[in-house]
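Shared chain: chain A. Partners: chain B in the first complex, chain C in the second.
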Partner chain A sequence: MKFTFQHKRISGILTVLPARELSFLEEMKNYNFPEARSLKLMEVMGYDKRRVAEEGVCLSDLAVFGLKHLFESGLLRPEEIDALLVVTHSPDYILPPTSNVIQGRLCLKQDTLCLDISQACAGFIVGLTQGFLLLEQESIRKVVLINGDILSQRTSPKDRSIYPLIGDALTITILERDSQSAPIHGEIKMDGSRGDALMIPAGGIRLPCSPETAVLEDAGDNNLRAKDHLRMEGSVIFNFVQTEVPPMVESLLARTGTSVDEVDYFLCHQSNRFMLQKLAEKMNIPSAKVPKNVVENFGNSSGATIPVAITFNLAEKLRNEHALTCLMGYGGGLTWAAMLVNLGELAFCEMITFL
Partner chain B sequence: MDEFLKQIAVILEVENVNASDPLASFTQLDSMGVLSVIAMLDASYGVNISTTDIGRMSTVGELWAHVQCIKRGCA
Partner chain C sequence: MKPISAILQEIRPEYDFAASQDYISDGMLDSFDMMTLVAALERHYSVSIPGTAIAPENFRNAQAIQEMLNHCGVHP
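Here is the complex of A and B:
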């Protein structure tokens, strides 16, 4: 599905990271796996440092912290928020929606559209799309898009294929109208028939969490995980990304008459270093245009990795200048998406630590 | 096929690989090794195969035959 948005812009991006940092080198002893192979994983996949929330910290805690920071810094006024979107697959509760929880905790006005969107690694672009659509309404002038996940608690410490990769993060992106902005073009595709390649089987109505779903099972390759835990069919996801994402980006660039050279940055979901490298190679994109350093510094926090990559790599540049960026998200759903957007002159583009 | 054997040897970090070598004999062919093979097959041969597919192959030569089969459209 193709989208075009006129007169909209991203005006600020904030990343909120938990303070607790884990190190893959220190965690290697958790795995029944030769040390040399673990070190190889570190080199190839980018496993190194990652941020995880303390037990009991929920998404709304990070969101309230981040929004209060913006209020107190004079970068956002509470009464300006007409819509509050939360893109996550790790909500505080099944009910009420996390967006309503945040609205209530911050005493935001009742004329705030609160909307939770359950999407994963492509969630940032899905959220942007929904936010830009809402801005077509006369009554909605400013949208706060919150995209984040606390997934570290839903991964098995005995599963080397996922556990050392996952980090927790939350991002806040402000969307608003701007008559001077260049058109924003996007594409989104979905394929629910392949959804079981990336899933948490237990915890919903289909399979509620129980003592049985918490039992660790042999997942092959010396990995153990329970049905409560996130699981990923690595090779299926790899092939999915290599097959589906390049044609979508080519289509987006062709539709807008844009060459790879004209795009300053390809800001991909930070799945792991290996996949990003292979994707860049497949699309003949110069490696320098594809930041790949989020997993090794903060871990993979699902859809939030795109705004984390922006605030980590381009903060100073985007506060002062413009850059043509191609955002690329792909993963759970399965969902894949791309968006060509001119970013720049952001009122804020920074990272803060949750205390 | 010689080029294919060389590519497999690089991934598995060994000097030489023969078509008759059992895949199970390579300790480097863990989940990451398999992913590296899958990436190489995609990049060099335009073939997408899964971990499950590779698990069904017993030797390096059988994997090569499977790749050829997919390229001919018979698998």
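Here is the complex of A and C:
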């Protein structure tokens, strides 16, 4: 599905990271593998440091902390928020929606549209799309888009295929109207028939969490995980990304008459270093235009990784000037998406630590 | 140049790859091993293996890996 938005802009991005930092080198002993093998994996995938929330910390805690920071800094006023979108697959509760929880905790006005969207690694672009659609309404002038996940608590410490990859993070992106902004073009595709390649089997109505779903099982590859835990068919996801994403980006660039050279940055979901290298090679994109350093510094925080990459790599530049960026998200759902957006002159673009 | 079997042995020294015709179903290579193996093959043979080739059917045994390398221009 193709989208075009006129007179909309991203006006600020904030990343909120938990303070707790884990090290892959210290965690290696948890995995049932020879150390040399884990070290090879560290080199290829980019595992190193990652941030995880303390037990009991939920998404709304990070969101309230970040929004209070913006309020206290004078970068956002509570009464300006007409819509609050939360894109996550690790909500505080099944009910109420996490967006309502945040609205309630911050005493935001009742005329705030609160909306939770259950999406994963493509969630930033899905959220931007929904936010820009809402801005078509006269009554909605400013949208707060929150992307984040606390997935470290839903991964098995004995599962080397996913545990060392996952980080927790939350981002807050402000969307608003701007008559001077260039058109924003996007594409989104979904394929639910392949959804079980990346899933948490237990915890919904289909299979409620129980003592049985918490039992660690050998997945057949020396990794131990329970049905309560996130699981990923790595080779299926890898092949899906390499097969589906490049044609979508080529289509987007062709539709907008944009060349690879004209795009300043290709900001991909930060899945892992190896996958990003292979994507760049496949699309003949110079490696320097594809930041790949989020997993090694903070971990993969699902739908938050694109704004994390922006605030980590481009903060100073995007506060002062513009850059043409191609955003690329892909993952659970399965969902894949791309968006061509001119980012710049942001009111804020920063990272803070949750305390 | 090292043969493929030697590179496999470096990645999973605990297995006898000569005794298997299907490394995937025998649980000898998982998806992360495939990526590690691709990185090692690329370094050793000075070749670029496309991401779309990283699929289980190309890693089932030494012959499948060699055929994948042949497509990339590496010949024994």
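By our rule, the second predicted complex is superposed on the first by the 355 of 355 C-alpha atoms of A that agree within 3 Å, B and C clash if a C-alpha of one lies under 4 Å from a C-alpha of the other, contacts with A are read in each partner's own complex, and residues count from 1 in each chain.
Going forward, a residue touches a chain if its C-beta (ideal position, glycine included) is under 8 Å from a C-beta of that chain, and two chains touch if they have at least 3 such contacts.
Keep in mind that what you see is a predicted model, and the values were worked out from it rather than measured.
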Q: Go through the superposed model and pick first if A:23 touches only chain B, second if only chain C, both, or neither.
A: neither
**Q.** Touched partner set for A:279, first chain B, second chain C, both or neither
**A.** second
Q) Taking the superposition as given, does A:161 touch the first partner, chain B, the second, chain C, both, or neither? A) both
Q.
Quick check on the superposed pair: does A:6 touch chain B, chain C, both, or neither? Answer first, second, both or neither.
A. neither
Q: Based on the superposed arrangement, let me know which partner A:241 touches: chain B (first), chain C (second), both, or neither?
A: second
Q) Following superposition on chain A, which residues of chain A contact chain B and also contact chain C? A) 34, 37, 40-41, 44-45, 161, 220-221, 233-235, 238-239, 242-243, 274, 278, 281-282
Q: Within their complex, state which residues of chain C touch chain A.
A: 11-14, 27, 30-32, 34-36, 38-40, 48, 50-52, 54-56
**Q.** chain A residues touching chain C - in the complex, by the definition given at the top
**A.** 34, 37, 40-41, 43-45, 160-161, 220-221, 223, 233-235, 238-239, 241-243, 274-275, 278-279, 281-282
Q: Spell out the part of chain A that touches chain B in their complex, as residue ranges.
A: 33-34, 37, 40-41, 44-45, 161, 220-221, 233-236, 238-239, 242-243, 274, 278, 281-282
Q. Any idea which chain B residues touch chain A in the complex?
A. 27-28, 30-32, 34-36, 38-39, 42-43, 48-52
